[in-house]
Each structure stands twice: as C-alpha cells, then as structure tokens.
C-alpha cells in the first residue's frame, strides 16, 4: 500500500530563518507515526504545512497519492487534525462545536452520532455545557473528537496529551492504538512525551533545526536491549579517529563536539570499556542511557537540556 | 339706446342723436372727471363692506427661493374688521408673516383716517393709482399704494409698507366673487431674509454640482392662493383665529 | 456554501456581544425619540431660526413638522455616524477574532477553500449589517411614525428647506435604507480587510473607526486643496448620499414635484463608488488571506 504521506524536499523560510530544510519523509498507511523534535525544531511548521495552514517555500507534499496544493479539498475530507492546543468556540457547547466542525467537514451527523463521538472521548455528560466551563483536559478531548467526527483516514495530532492527567494520557494512548490497530487509520503524532511515543509509535521521525536526523521503524532505530553509551575523554578527537577505523565504527552515532556516543547492546558495554582502556583513552566519564528519551537527547542538539536533566 | 331714441333715423332725429351722445359722454366723462380719489376709495370700500366674514377654500403655492413646498389645500378665514387666517388643516404650509394683510380691509383701518395722494392712472392698465398715508401714529401701515380698477371698483394691486412686516405686494385677479371685492387669485409678495444653516448641523450631501448661491440672496417670497370657493357672511368662529 | 453561511450566522448570533449593537441602537433611538417628544420644539426653533422673521411659526406648525418622518431623518443623521463602529465590531472580528480564539487553524484544516471561507465570512458580516439596519428602520422609522404620527416631511438643508408631501416619503426611506445598507457594507468590507492582518479584533475595529473618522472630517471640511483632489474619492464623501433621496426637484414656481429626485445621477455615482470600494476591499482581503501563512 502506498504511503499516506509523502514529503519530498520540503522547505519553509520565514524571512531569513529557514524553519524547515529539505525535509523528506513518508508515513506508511495504518501506522502510528511519531514526529519528534525539540522546541523550534520545525515540527509545528511541518505539521502546519501538512494541514495547509502554511505554504511551503519549496518541496512537495502528497497525501493519499495526491498533490496537496492541487487536491486540497478532496484530501482534507480524509484528514482530521489538531494543531497545537485545540481552541474551540468557548461561547458554544461541546455539542455545538462538534456539529459545526462536522458541517465544515461536509457531513451532517445526527445528534445521536455526535453524542457517540463525545461518549468516545468521555464528554457525553458535558455535551451541553459551554466550552469555557471545560478543563484543559476536556478541551483536549473535545478537540480530538472534532478531529475524528468526519471519520478521516489520516489523523494528525500535535501534542494530543497536553494538559491531560495520567488517566487521560492512558485513554488517549488507547484511543490512538485503537484508531491504528482497530480501525486501520494512519495517525501522525507529535509529542514531547517520548515515553508515550515509545509505547505507541510504529515509525518515527526525529528532526532538529528543520532537518531530518533519523527516520524509520521504532524497533529498528531503538531497541530497549540496546543502550547508548556516552563517553567523555581527555582527547575526544583522537579517540573518535581511532574508533572510526576500528570494529566499533558501525556503532558510532553522529559526531558531537562534547562527547562520543555509541549504540551498543548492553552486553557489549564491558567489551567497549576494555577497548577504550586499550586505546589509552583518558576516560573522564562514561554513561549509559537506554530509553527513547535518551536516544532522542543524544541525537538532538540540546546540550543545556541534557545537563539540566542529568542525574 | 340710440335706436330707442330714434337717433339712427333720418329727418328730425339728428337732435335726438346729439342728445344721446351728450348723455353718453356725460356718463362717461362724468365718471372719469367726477371721481375724486375719495370717491374711488369709497366705492371700493362699499364693496368690501359687504363682507362681514368668509371661509374660503383654495390651493396655495409657495414660491420662496429657499423653500420647495408642494401646492397645499388651505382654508382662509376672515372676520371683520381685520382678522384673517390661512390654515392648512392637515398638512404643513409656511404662511408668511403679515399674511393678515392679505385682507384689503386692513388698508382702511384706523379711525384717524389717512392722507390721500392721487397719482393718476397707470400707463398700460389704466388703473387709478392712489397712495394712502395713515394719519394714525400707531398704525402698522406706513404707506399703501393702490392700483384700482375704477370701472369695477376693485383693487387690482396693492403695495403696502408696514412697520412690523416690511413691504409686501398684493396682486388680485377677480372672477365670480368680484361683487364682494373677493379675488379668485391672490399673489402675495413679501421680503424674506436670507436662509442659512451651518453644515455641521445639517450634514448635507454634496453631490458635486455647483450651486448658484447669489441667486438665493435678496429675493422676494411669493405666496399664491387660487380660491375655489367662498362661503360669505355665514359666520366664522373666533376660535379659528386663535 | 449555504451550510457554511448558516454556521457563520449561528456563531455571530450566539455571541452576546453581537447584541450590544442592537442594544446601542435601541438606546440611542429611544433617547432621541424621548428627547424630541418632550422638547422637540426647541430643536425645530433652532432649525427654523432663520425663518421666524418671515413666516408665522405657530406651535401647530412646529408639531406638524416634528412628525415621524422628520424624527427618523434626525435619527439617521445621528446614527449613521455610530453605525460604522457597530458594523466594524463584527466585521473586524471576522478573521482576527478567529485567529485570537485559535479556531482559525481548526477551521482551515477542513475541506473548505480559503476563498469560500472568506466570502462566507463577509456574507455573514453583511447579513448582520442588514439585520442592524432593519432593526434601526423598524425603530427609527416605524417607531417614530407611531409615536409622532406622519405628515409632510420637511428636510432642512444648509441653504434651503425641502417639503415632501406625506404620500411621497415612504418609498424614499426604503431607497435611503437600501443605500445605507451599501454604505455600511463598504465600512464592513474595510473592517473585514483589516481583520485579515490582525490576530486581535481590537486592532481592525479601531483602525476602521480611525479611518472613517479622519475621512469623514476631510469629507465635511471645506478646504479647497482637498475639495477637488481627495474629497471626491473618499468613500465617506459618498456615504451620506442616501440624503439625496430627500432632495426633490421643484417646478418654475418653486412647487415640489412629487416623485422627483434632485440629482439621481449623483446618487447612482456615489452608489457605484461605494460598491467599487467594497469590491476592492473584499477582493483584497480574499487575495491576502489566500497567500497568508496561518501562524495563530
């Protein structure tokens, strides 16, 4: 089955700032696709381009095999999106909001169907309350309901669990899994909660400064039995050169200025430490990280963020 | 008449013809030469005195340079000696101040009488021109100039200068009510002040057309009443004039 | 398109702030009607001050002049200064309000073209304008007719008085309200255009009012340098053209000609100019919006 989303050489400039830089990726049908990046990495800009809120400066976007610019209306009938927080009409009720967005999507469901939607996100009892009386979590859930009301094939969720309590987060997680595995929909999720992405995503894309860092299946990019080894030596440049010409070269992660990072199976860590000693490396520190967050942080250029959260 | 006296027959009728001509001439010249201005006025007054009151219906047309008004149906009430009221019962009419002077009787008001100046006849019309200067110091009328049709004892035109209401002119056309000295058509001309309202009050629409503002200055206003009927001496309530 | 329009109208009339304008109009009209009911004579005296030396200005005449048709004219004169603000309240909020609320991005991810979205928004703002005008007509015209009765209508211009027969007035008001609808739609389109550039409705509302006020001052002032250069092209110069329906022709003797209009050509020209402005503002708004990146 062809990919639902195909992005090729996507670029967006805001005056002198290049927010997205020749980004290419594809989202397979029926998967949960995680979209990761730090603040300001270009995630929102990319998602807004997918949702036709922003026009690309260059590049191509195809959804369902069709060019997005030329077949916008046809494509958007199959897309449900929440961009950043779901702001709704505060002076209207939840039911009224849902009805409006359903109508804008070209459908006129009965009140019963709309109530079913609200039931699905746990808002049936508050259907007739004005949205201004809703909590942040309730607004988030209503936003998801508006994204799903017209039964789209592609759902784009930008930070869907913001403001939710642990139960709410779990509910959204289960919902996303149901949409993907049960209803065979394609879900693009961007989130800062990497632990959640780790639990639900089939594939992922990590971007930094508008550029792609990695893309692929989660279980291929990140194996929990693997670990990231970060080592700091007295002469990182020399040790890097030695490692890159050794049997460890395939385990090396993209070069960083402040440390050397390798991805190894945990069982090989002692072997690596021994190799360092044999290379006469003056080891200043050696850490292992084994979560997606660790993986993410190792790839992205968030030095300050890393130091802030170090043990 | 000449046939009745046998003036047209030959023979001895020549003296009869002469007599008839003399009589005709006597009446003609008698009227002309014998009518002093006092007599002319007396005849006019005699007619006017026949009317104690009247209620008239008519159409009034207002011709003032700064007023556009529709032709209005009006009622005119008169009661001796000097009360006259023009009323538009239902609609709106701008009645000139001094319209009470449309009543010709006003000219002859005042117990002190007036000085009479005979100006002779007007060229063209043959109307007798008589000026009246009221002797009474308190009289509102300062000077009246009357153009009188002697043959019918009717005032055809009047120019009157008053203390209160400036100078106005009356132009009368008579028809079936001539015997009462009541006109079928009266044109009343009067002086108007220039009209101006600040644009900040009116917020006029400026359509871009140039207006001839000089035309608006210093023009006389005119009210023309064409009477359709008079109800004469049937009584008019005093309330009408309040 | 019709569904979208219904949605927009639903949103407009569900907001309590929408009714502020209706309330304001009601209050202003009632205030004027009460004031003139109790002291209309003073107002008439002011207007007819120039005439008192030449004409008999009886109380009966003043009462007749102060009839429902004149009252409505006075109200329109006053209100059509405030109406642009009330109209801008909704039109200026059209896009900026949605951006501010965050609902713009939600709406534009739906399968609706931006052009369609904009046209529907503008149509809804226009319908709101018409609703305001109809409300004003009901209160100002029919309400005044009920309270003050009807008679010939006397229009006081800066250089003269026009008296229109009672049977010849009502159609003129219908035409005037129709014209006012177009004039206010022009203001609405300006606010709508400015709304595209803002993410807060206060900005476009204030900007619209500022433009209307400045242009109105330029339109009303008699400064030669502006008279032939800028004035004919300002839309505010043409917004008062509704009054032209109450300027009548007279015959050679000064009698009003019923059914006549002094300068219909000028009114039609003003109408054309206002429509042109509306098309330019709306068209520009749609064009800019189509190009715009939605970052709100």
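Should a chain be cited, it is by its letter among A, B and C, assigned in written order, with residues numbered from 1 in that chain.
Here is the rule we use: a residue touches a chain if its C-beta (ideal position, glycine included) is under 8 Å from a C-beta of that chain, and two chains touch if they have at least 3 such contacts.
Predicted model, so just to flag it, every value in this text is computed and none were measured.
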Distance-to-centre winner among chains (Cα means, whole assembly as reference): C
Chain pair, A-C or B-C, that carries the greater number of C-beta contacts: B-C
Computed distance of Cα centres, chain B from chain A, in Å: 103
Separation of mean Cα positions, chain C and chain B [Å, integer]: 51
Numbers and ranges of chain B residues touching at least 2 other chains: none
Contact set on chain B toward chain C in their complex: 61-71, 90-97, 99, 190-209, 211, 213, 216, 221-222, 224
Residues on chain C engaged by chain A in the complex (per definition of touch): 3-4, 6-7, 10-11, 14-16, 101-103, 105-113, 291, 293-295
Interfacial residue positions of chain C with respect to chain B in the complex: 46-47, 50-51, 53-56, 61, 64-65, 77, 151-152, 154, 156-166, 220, 222, 232, 237, 240-244, 247-250, 253-256, 258, 262-263, 266-267, 270
Residue ranges of chain A in contact with chain C within the complex: 14, 48, 51-55, 72-77, 79-92, 96, 100-101, 103-106, 108, 143, 146
